[in-house]
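Below you'll find the structures, each written out as structure tokens.
After this come two complexes, each holding chain A, first together with chain B and then together with chain C.
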Partner chain A sequence: MGNYVKYRARAKEHFEALPYPAWKRIGFSDYAEPVIGREEVKVEIHSELPLVGAENLTPEQAQAFYDRINQRTYGVNPKFVAFSESQSNFSKLYYVKRNQVVEKPIHIRFDLSEISTLADEHLIYAEKGAEVSLILEYHADNLVREKASEYHIGLIKVIAEENAQVKVYVAQTLPESKVHIMNAVAECGRDARVSFYSVNLGAEVVASDYRSFLMGDYSSSDIEGIYLGEAENKLDLSYNIQHYGQMTDSMIEVNGALSGRAKKVFRGDLYFHRGSKASTGKEAEFVILLNQEVKADSIPALFCDEDDVSGEHAANAGTVDENKLFYLMNRGFSETEAKKLIIRASFSGVLDHLPSEELVQRLEKELEGKLIHV
Partner chain B sequence: MEEKRKTYIPDVERGIYDIKDEENFGFKTNSGLTAQIVREISEEKNEPKWMLEARLKALEIYNSKPIPTWGADISGLDMDHIITYVRPNTDMRHSWDEVPEDIKNTFERLGIPQAERESLAGVGAQYDSEVVYHNLQKELADQGVVYLDIETAVREYEDIVKEHFMKLVPPTDHKFAALHGAVWSGGSFVYVPEGVQVDIPLQSYFRLNAKGAGQFEHTLIIVEKGAKLHFIEGCSAPKYDVANLHAGCVELYVREGATLRYSTIENWSKNMYNLNTKRSVVEKNGRMEWVSGSFGSRVSMLYPMTILKGERSQMEFTGITFAGEGQHLDTGCKVVHAASHTTSNVNTKSISKDGGYAFYRGLVKTTPNAENCKSTVSCESLMLDNRSKSDTLPIITLANDKIDMGHEAKIGRISDDAIFYLMSRGIDEIEAKTMIVSGFVEPITKELPLEYAVELNNLITLEFVGSIG
Partner chain C sequence: MSALLEVKNLHSRIDEREILKGIDLTVNPGEIHIIMGPNGAGKSTLAYTLMGHEKYEVTEGEALLEGKDLLDMKVDERAKAGMFMSFQTPEVIPGITVENFLRTAKTAVTGEAQKVIPFKRELMKNMELLNMDVKYASRYLNEGFSGGEKKKNEILQMLTLQPKVAILDETDSGLDVDAIKVVADGVKAFAGENNAIIVITHYDKLLSYLNPNYVHILVDGKIVKTGGAELSKIINEKGFEEFIK
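Presenting the complex of A and B:
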């Protein structure tokens, strides 16, 4: 308890010393500062694993989450990491003991309809051989009022010890008035595997950073994302994998569609550090452009300090494939239906991975509503 | 146990490049950079007034701009100790016989006069800050092709030069473009009139002999409607223990339906900071082809840029970078699709070894009105040991939906599977590896001028013993 208070106070100091960042490429700057209000956080929690607040961290866990991980660079910006650490109004520790397998995914569903700022902090500690899946869902389906500053600032930290398996699914269907900021970081021990799946179907501004540090030999990480940008949406999506251990394996795959006047930046980094022998990494980004006025930037980078590795990246952008469209329309689909089908198909990689049928249905419904104008 | 032997791939054979001549100059400025030095250079060249004014303006811009902090480390470059202007002790000649013996011998060693006799339509040779030799075949001159050193062009074709000089790369572009604008000296001017096809290449060769000096040559090429030109640029310098600087500028205007191929083989010595700026603007149906080989220099930051301004214009970039010990070669290519139905095709390869650092930095950009553009970018990097570094950072920014853009990159070392496959077909290991590396660079070498392709192939086949890595 004492430790947590100490770390929170230290994060507050950091937070106050740092300036708010500006996103040049998507043109997001001079925004109103997020303020934590007094509203209660509305949340549905389904978990067979007993969850406790972050104040119950053991000193070793606190040291791992706040000292060890914080020595690394991660997150969309340190300001927002420090925000969640110092002022979170929802924090949970997911402590999965040695060889414990949590069969049913933990499902946490936040309703942001009545809250101005949600700052949530999720600390996942999977000991040797443990297995756990976590679904985080953010929606504001019962939105009753519009507010000037409405933020969701999330922070996920994963420590996966030897041979642990952790899957984290983040799905947001927030309304136009919200800013969705997500900082996620994972540290993988030997043979550990951490997967992140992110679904962005809403929010006016999305700024996210998913990052895995493959420290142990044979560790692996997948980061998969889908997004839909429409109207004046701005998305700055960053995915980053750092290979340190030998024989590590990674994959980043992002599929998206942009319509309206949406702006998107994709940043995908694969970094092979010296010593990460026989590692492989792949990243791929595919974006379908649906309107003349969209803006799509891609910055897929490969950094390599080790020769015995194999890294690949591919990016592809363009309008809906004419041949596919022709084929489908030939079979009696209207142009809009055909386009929807093609976009839906490009999203299936992530949607089919989601372990909750209810969630998939909700996302399908949301997509259906969004793709009216294509 | 038998000792494991490592492959040794030597650097490009530098013997002939490293022979230094005694410094025997007619005039040189003090080191550093002041308005006084800029005035001296301008006076020495007997320039029109507008040029002096442009130089002084560029100097102001230079002083107001910060040193770039991204990319390669250029902190070893101390501008206060760079001599910006060194005039060799000769005037420009049109016959090699009249060029002073020591300078002529240098170019003989580099094979320039021989190449001129055998395979070039015209040659320009620059020694330190001034062009010492310039010649063009009579048939081409008769067709109206102009190939001159740029100082002469400033006087004889003042209107054309004034209209185009530093318009594509304004001094405000970046700090070293401003520096170039202030102290530029030497370089070539080529004008190919409408419809003239220059089938045999022209070559300019830049040699920097003076110690601690900078070379700031300016190349201005205008290829008029329907005309065609192949221009080759070669660079080298002997090695000194102090930093030398090359901040040249290349401006290329490709008019409607014209084709320009610009080949560069850069083999500066490893004390050279190569901060060069190259830019081309291509009009309707025009075609720009770049062939770029970067082998030398300690630090290179070189990103040739093409602006596809006219509809259906095309650009092709073929590049190879070879970063050896102590080298940081930050190279790449930029293309702006500013009109509809434009296409670009970028193909680069890089090899890094012995702690060399090869960085590909690229940009593909489309403007909102440029519809139905196609772009493919492919970069491959091969690392020959784990002391080296190789990074790839392509940036793609798209501003409309009617685009077909593809990018791919690969990084790594020679795959064991490929070696296994070849060996199972009866080829021994060394030969298999040689084949793979030769195959890796083959798409590029076939585009290089012959003598450079031979050199690169020799480099790969030499001493391929033991295993790679």
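Presenting the complex of A and C:
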């Protein structure tokens, strides 16, 4: 059992001591508190790697995941990190041994149709030279009736040792009644590479924080996201890469579209700490505003405690490109169809990276069903 | 014979600046028209105005396709009615392959679902005619295409969609001699007694392969001279000077 039980008890104390956060940025407050019910977690798991629950962590792994990583600041809010750590109703350890290459992506597909709260915890431990990809998919396609403020609170922790390569894909197509909270953190050793891809096509409220710590020299991380906000959706999206090692490299790119009265805040932080010599990073955020009622805030920031680094950022918010629209309508596409194609095109950077054709098809179908009023 | 496209006293402006200052043009089925003119004369504006780009505001005049008022139609309605424009700089649309794009477009303009296999067979045949690698069919629309491949892809779209009036806006610009010949072959394969082609160009390169019925000289928003293929030879030798007042 390692020290898992001890850590879980400690997380519970931590959870109880912390207040629930209020999201002033996106105007989300007075929400119901998440409660873990007795419902069974419905999940499909496809994995060639044997998976075990977090109670099987070795003492060293438990220390790394619950002590070492937790000394860092990460997550949407510590309250929700502690919630998943103390009360998770699904936890898995993905232990990829030295030089082991997991050929097929591990695919975990959660059905949240019948569960009020899913708190899932994914602990990826990739030893030196290991390679693994994990797809996490969240849907509620079989929802019978919508109940307000049901939660998904996810927690992903990645430890990538020297030269390890880890890719994590998170795709959610949750209904309007759900709140999707995702906390993801990665620690990269020398030459390691961690990539996060996030797809948000649903949920009433999305609050996510993806964060990589580039500790080893030559380590790298990229975080790419796509999102669609509709109706009264609220999205608080944070992407953050912390450079510590020398010659480290990072990239953040987010593409989104907003319609209805959706609100979105994007925060992208690249932090070059002292000693991260000759490191490079870039970030970009592009959003298509489908009407004038939407609200899109973009806060890209570069922090430098080191002179010898290069950081770039770009952001663009605008209506649908009128030349593209004209071109497509010229070929007989209606305005709505043309706009959908343009949005799909802006999402292709992430959709094309997804290693599951089935998943891409499901997401395209989801997109097709949305955006009917654009 | 009734005209396919009839443009009468067409005026259009962009950002308060009048570009077209009264265009009259009658295009009958089976005809190829060439529109030549110096930079800034309004050649592309004519194409964009006829296709309905919202930046171009029509202030006077009319444009009829088979007697129907084009100017009342939205851009996609014009396409469905039979208008087509080959773009100077075609847009890149990742996420949709050339084949899917064209099949969806053909369904949209004809109003009939396209069966996958016959459609593909037709597409392959047209790609062969245009000397295009068939691999382009499964690539994203114009993504990573060279200038020449983008232009060929425009002609491929024309061949697939079979419009009534095709406007080729500077399709020959930036192409080498071989590519121009291939494009011309595509245009010739398309030309028929039920459709018409309007070629907008700077040069007479494409003209030497086509057999136009009319050459129009467009200067400062007006057609100042209409003649046969011989006009293009004059332009080639002497430029537009004598037509500029």
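Rule of thumb we're sticking to: the second predicted complex is superposed on the first by the 371 of 374 C-alpha atoms of A that agree within 3 Å, B and C clash if a C-alpha of one lies under 4 Å from a C-alpha of the other, contacts with A are read in each partner's own complex, and residues count from 1 in each chain.
Quick note on the criterion: contacts are C-beta pairs under 8 Å (C-beta built on N, C-alpha and C of every residue); 3 or more make two chains touch, one makes a residue touch a chain.
The structure presented is a predicted model; accordingly, all values stated were derived computationally and were not measured.
> Tell me the contact category for A:27 with respect to chain B and chain C: first, second, both or neither.
Neither partner.
> With both complexes superposed on chain A, which partner does A:316 reach: first (chain B), second (chain C), both or neither?
In the superposition, A:316 touches chain B alone.
> Just chain B (first), just chain C (second), both, or neither: which does A:345 touch?
second
> Taking the superposition as given, does A:308 touch the first partner, chain B, the second, chain C, both, or neither?
So A:308 only meets chain B here.
> Applying the touch criterion given at the start, work out whether A:59 contacts chain B, chain C, both or neither, answering first, second, both or neither.
In the superposition, A:59 contacts neither chain B nor chain C.
> Any idea whether chain B or chain C touches more of chain A?
B
> For A:299, using the defined touch cut-off, is the partner it touches chain B, chain C, both, or neither? Pick first, second, both or neither.
first
> So, A:326: does it touch chain B (first), chain C (second), both, or neither?
The second partner, chain C, only.
> For A:369, using the defined touch cut-off, is the partner it touches chain B, chain C, both, or neither? Pick first, second, both or neither.
In the superposed model, A:369 contacts neither chain B nor chain C.
> So which bits of chain A does chain B touch that chain C touches too?
none
> What residues on chain A touch chain C, complex-wise?
It is residues 321-324, 326-335, 337-338, 341-342, 344-345, 347-349, 351-352 of chain A that touch chain C.
> Report the residues of chain A in contact with chain B in the complex, numbered from low to high.
Going by the criterion above, the answer is residues 258, 272, 274, 277, 289-319.
> For chain B, which residues are in contact with chain A within the complex?
Of all residues in chain B, those touching chain A are 368, 381, 383-386, 388-413, 415, 469.
> Please output the residues of chain C touching chain A within their complex, sorted ascending.
Spelled out, the residues of chain C in touch with chain A are 51, 53-55, 74-76, 78-80, 84-85, 87, 90-91, 93-96, 101, 104-106, 108-109, 140, 157, 161.
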